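So, here come the structures, one by one.
Next come two complexes built around chain A: one with chain B, the other with chain C.
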Partner chain A sequence: MLRLPPFRYVAPRTAGEAARILAGHGPEAMAVAGGTDLFPNMKRRQFTPRLLVGLRNLEGASGVQANGGLTVGALATLSAVAASPVVTARWPAVARSAGLVSSPPLRNAGTMGGNLCVDTRCNYYNQSESWRASIGYCMKKDGEVCLVAPGSDKCWALSSSDTAPVMIALGAEVTLVGPSGERRIAVSDLYGPDGIAYLTKRPEEVLTAIHVPDRSGWATTYRKVRRRGSIDFPVLGVAVAVRRGASRQVEEARIVLGAVHTAPVEAADAEEFLRGRPLDPETIEMAAGIAYKPAKPLDNADLAYAWRKRMARIEVARALREVAGLPTGDLPAIAS
Partner chain B sequence: MGDPVAAVAALDEETAEEALKLVEVDYEAMPALMSIDEALQRPDARIHDYGPRGNVHKEVSFDFGDVEAGFAEADHVREDTFFFEGNTHLPMEQHAAVGSRGPDGKLTVWSSTQTPHYVHRALAKVLEMPAAHIRVIACPNGGGFGGKSDPFSHEIVVAKLSMKAGRPVKVTLSREEVFYCHRGRHPVAMWVKTGLKKDGTITAMHFRSVLDGGAYGSYGVASLYYTGALQTVTYRIPRYKFEGVRVFTNKPPCGPKRGHGTPQPRYALECHVDKFCHDLGLDPVRWRIENALSPGAITANQMQVRTIGLRECLERVVERSGFSSKRGRLGAGRGVGLAASAYISGAGLPIYWNAMPHSGVQIKVDRGGGVAVFCGSTDIGQGSDSVLAYVVAEELGILPEDIRVMTADTDLTPVDLGSYSSRVTLMTGNAALQAARRVREPIFAAAARKLGVPVDRLRAASRRIFDADEPSRSLSFAEAVVLAESEFGTLGSVGSYTPPRSIARWKGAGVGPTPTYSYSACVVELSADRETGIVRVDKVWIAHDVGRSINPLLVIGQVEGSVYMGLGEVLMEEQAFRKGRHKIPSMLDYKSPTTLEMPPVESILVETLDPEGPYGAKECGQGPLLPVIPAVANALFDALGVRIDEVPITPEKVVAALEGRLRGPRMPALTYPQTVVVPPLAPGAPAAPPAPAASPGGSR
Partner chain C sequence: MNDRSNRRGGLLEKARIRLRVNGEEREVLAPVHHTLLEVLREELGLPGTKHGCELGECGTCTVLVGGQPVLSCLTLPVECEGREVTTVEGLAAGGALHPLQQAFAELGSAQCGYCIPGFLLSAAALLRERPSPTRQEIAEATAGNLCRCTGYLKILEAIELAAARMRSRMENASD
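What follows is the complex of A and B.
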């Protein structure tokens, strides 16, 4: 059986205190929210923190508040957000992405903050200690080279958060609390340059809230590709947000791809292409043909990578058709 | 990677792990041979020093009738090549074992095994201890599917270390280690050639299979024979030739998984049938029904069919699903597919040669009217304990809840060979039937005397024994037991079952014969996304000839479970390797469907009341898996017009096939051994099997 390594656990009441404890212990300490990502990784010894700083007791960090915009506490569970009437009504893509994460038990434990901070994934890395030892480890943990792209000087582990692409497409921001103060940054600025330094957040900073602007007037969606709808991580996520003017021309479009790179990828060229055009089938096909180009899947996740790349084009097109109110091309539901 | 090398016992796992890191092993690096082709290309780098040559573990070739003459007679000859990727059992419970030596010096091993008797034998041999000093107890088991049939290293380790340490020792495998233990579905490359008359009559069939056995033998010789044995027991094939080779590679060893060696050739065969029906413009339903064997048929490879519900399975599943009106008419991207199959109800021979029964049952009757049934059979979730209770309760006219069943303990229960080859209901059922009828005799004799009624007029039901002609003349079962014990002494009995001797007279015919074959037919309806290649199974109808359904709930559980497993194998599961390692040894990354991926299933139970089965029962635990896989492949052809001759059928393969760039499978380059020409059975050979140990029908 795989067992957790030994650790001490503290559960402070404020984010500032949590940040100070984390800063005080340096790399020996880690924050934990729902633990659904961190604990499996600890069992496989990707992480062996001596001290875990539990965030579950943080005061006022698990609510969902909607005024003009939406504020989601970092400790709000994925289930709570997926089921929240106001989120479902006004930010449906947020509810949908949270509701598509893994499985019901994991959504009951997993948090929104943890989802934005979820570790990058690679099937050379998400393995037991003994498996990784047998292959000589890799750059992301304990080794020297990247086993997927041996010539590469960077790690290509995949950003696998379902909510991150949506948050970026909606222009959301996060509050980060450090030992001596807090800052607010765009979710798009939360992600780092490669699969190792995948967050720009400093290790001691605690994410306390996610702020989503009012997006009334926008049509949004999130689509997820995975082998099994019951539990799997995405091999592709597509978030789309589109605002159209009175003439039905696109005024603004955001297209963000998940699980195809070390960070969520904004398809800026396709967004630019769509501006001022109608969302008709031809335009959509052309936009999708531009949007999937920055996807860089490698052979480190489920399903063939060439197929995953191809799917990025198909799914962007379907997502755009969905927000345009056109038939998506999905298999029709069956009446049973 | 994944082969056990050394074992450490400690007071806790942390210490044991630290100690393991201190074990130094010197390895001599050898090339990692990770496929059939690689293993064949490096005969110099032998994985084992046995087998006929290089990395060939076992090779066979048999010709039953002159197939070349059959092909010469044919109007149409078709050849196809298929590949079936390996996959694993994925039981919910990981293997675990505890060993403990008692103060009397005797050893007890508790294990999550399907075959306590074989573990018992292996331990006696390896530990060089008298078998009488070893007790193996198979624990209630969280799923086996064949993956807990081999005696394993960890069972030997707990025994040995507990004897050294003088304390109980426990090993629980990690999920990753379960993937390495494996003994699952063999990857098999297959080639089949069939000659047909214009009307669809087969003149000859030639079948080749090459198996990737992984690093050890396991039951691989049987697996190899099974890839050639059961092609003949569904449709009329007058001449048949089988050539097969099992190759060692450096992967986790393959062995028996639900259907043992037959799902792969059945997939090939049923797709091949649809293809030649397509060539000849024949209806795939009609062809299957018209060419189905008749009861009592003897096949080219000398397999004896007894009852056969194949036609009825086909008719009912086609009717219920509306297959014939749906095929080719569901519209773009939707399709239906049909396939049929057969499976053994227990192997005709044990794993080691002996003339003893395959299953034994002991019954002890208590003065209070309770009954204890002892049997070595192992309940791995399929309900075999319940079947023992049902049979004995039926014979004695008491209720299943009056019965205590004690199973799978080599000290306390008579030998049953184990939960494999779909043998348990038929064999333990027959043994229980015999034991129950024997113990009923003194009870009925005493009751008859008391009631003043001839014995043959007595019946037993609802805990009473009564006169069939005048049911008010009765006494309770418990009263009758007291009378019988007073008259005859302590009450108990034994019963046993040995399968009828096979009529086959060729070396290698140990695999394939069975007391009786079960039959299945399946229709799958699916939708396929032409753009993404994603296949969604919308509904499954399956008919299964179970002989007699002793408990329909348990039977349907097995049928639906088989459908689930078949769908996983055809659409997603694969033991994938990369850089000499298992690529995805975890339950998250090895993709197998969950309940949410399951389509609705309609099960149809067909009863043929086989004379060899208890009350007519046949198997249902493995057979229903077989037709599911080819039915999906055939339905995909109906939906998209493409053939994927390689399992699993993944979205990328579908897309590649639609774009005409799917490279079909090919056979490994190798030479097959010299063919053994098997002469036909002499006329007048015993067509009818010897009388079964117990005849069907219970007390009324």
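What follows is the complex of A and C.
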């Protein structure tokens, strides 16, 4: 039996109270929402908090509200968001990315806030304690070197959120509640400089809500590459949001790549290139050729890294073709 | 190692947890860090829920909490208080197999059988929401359940057969 390390458990009613408890206990305490990411890591002893602060009972943090914009409670499950009629109709890329996370039972427990804060992943990190001991540990946990890039002074574990690239492409913000007040930051500012300090959220802050602006008039999508379509984390995610004017030329474009770096990567040069151009096949190919350049996949995830880099170009092109209404060349789903 | 770590720093906190399992109120005194899988099997004497990877990758420990499939290996019992927990032991009614269990048995959908409780519960939750699922919807609903023996085809066929029987039973009942 692979048991969790022992801990005490509290379930505060408000985010402020949760933040105060987290602040009071420092590194000994951790927050848990759905537990689908934290519990496997605790079983492998990546984390051994002595106090778990359960967020499940936070009041008013699990609903989905749409007025002009969309507010998603951080405790809303991924399956609830993926199945929400209003999210599916008005923010389809949000619903699609939530529905592509992991597998159905994990989406029933995993939350939107949890997916934005999901721990970075690496083949040298997501292993059992004995496996990591045998290889001498990596700098993300208990070791000193990065085993995928031994000359590097930073950790290269991959950002593995499916929803983060979409939220950044849509210009979403999050509410972070601390012990003595709250702040609201762009999702693009939520991510830190390396695979260890991968969040700018302070450890005691509790993410309570995600605010997505009205994006009517934009065409958006999210595409995901992984070995098994049934469950795996992304080895590549591509979120695209494009607004075109009356002349059908691009007025604004956002292209965000997931799982190619320690944080989601915005392909700013390609976004700039697209502005004022039509979304025709030739322009799309050129934009994809620019967009995939900042992808820096290393040999620390499933599938060959050179192939993952090539696929970034191909998937950006497919995503742009999708929002332009052009055929993507995808295979149809299993026939019933 | 686990027994030693359980005693580490006197952190063996037990909690009195009230659960509603397969329609029965149960109260257990269990360490708060024991998962629902451990409590079902070790405290409540319900070994039908199997432990596989215990890391959320295989789906063999799937149970229903509040009617939704979740992985009991990644669920804390204290977070299930006030919600109905259904395990494979709760599927049969009054000695009669659930139509899913009957169909799995008739079509030979189990080989080693280890993954089957999880499949049955994922399928039961699907059929409650969608009495006439397509093959694609069945495949998606059971995407979190791994089977290393059957190749899945007989499992998908059994779920379709059970769905058809449950529909005709509903139609007969409403005649």
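Here is the rule we use: the second predicted complex is superposed on the first by the 331 of 336 C-alpha atoms of A that agree within 3 Å, B and C clash if a C-alpha of one lies under 4 Å from a C-alpha of the other, contacts with A are read in each partner's own complex, and residues count from 1 in each chain.
Basically, a residue touches a chain if its C-beta (ideal position, glycine included) is under 8 Å from a C-beta of that chain, and two chains touch if they have at least 3 such contacts.
In this text the structure is predicted, and so the values were computed from the model without any measurement.
Q: I'd like to know which partner A:Arg3 touches here: chain B for first, chain C for second, both or neither.
A: In the superposition, A:Arg3 touches chain B and chain C alike.
Q: Which holds for A:Arg227: it touches chain B only (first), chain C only (second), both, or neither?
A: first
Q: Is A:Asp302 touching the first partner chain B, the second partner chain C, both, or neither of them?
A: first
Q: After the superposition on A, what does A:Gly54 contact: first (chain B), second (chain C), both or neither?
A: After superposition on chain A, A:Gly54 lies in contact with chain C alone.
Q: Quick one: is A:Leu147 in contact with chain B, with chain C, with both, or with neither? Answer first, second, both or neither.
A: Touch status of A:Leu147: first partner only.
Q: Which partner does A:Thr163 contact after superposing on A: first (chain B), second (chain C), both, neither?
A: A:Thr163 contacts neither chain B nor chain C.
Q: Show which residues of chain A both chain B and chain C reach, each in its own complex.
A: Common to the two interfaces on chain A: residues 1-3, 6, 229-231, 334, 336.
Q: Quick check: in the complex, which residue numbers of chain B touch chain A?
A: 1, 13-14, 94, 172, 174, 176, 333, 527-529, 531-534, 536, 538-539, 572, 579, 581, 583-586, 588-589, 591, 593-597, 600, 650-652, 655
Q: Tell me, which parts of chain A touch chain C in their complex?
A: 1-9, 11, 35-36, 39-40, 43-44, 50, 54, 56, 79, 102-106, 108-109, 229-231, 333-336
Q: Hey, which residues of chain C end up touching chain A in the complex?
A: Within the complex, chain C contacts chain A at residues 2, 5-6, 8-9, 11-13, 15, 31-35, 38, 51, 54-57, 59, 62, 68-71, 73-76, 78-79, 122, 134-137, 139-144.
Q: Please output the residues of chain A touching chain B within their complex, sorted ascending.
A: Chain A residues touching chain B: 1-3, 6, 123, 126-128, 130-131, 134-135, 147, 227-233, 302-304, 306-307, 310-311, 314, 329-332, 334, 336.
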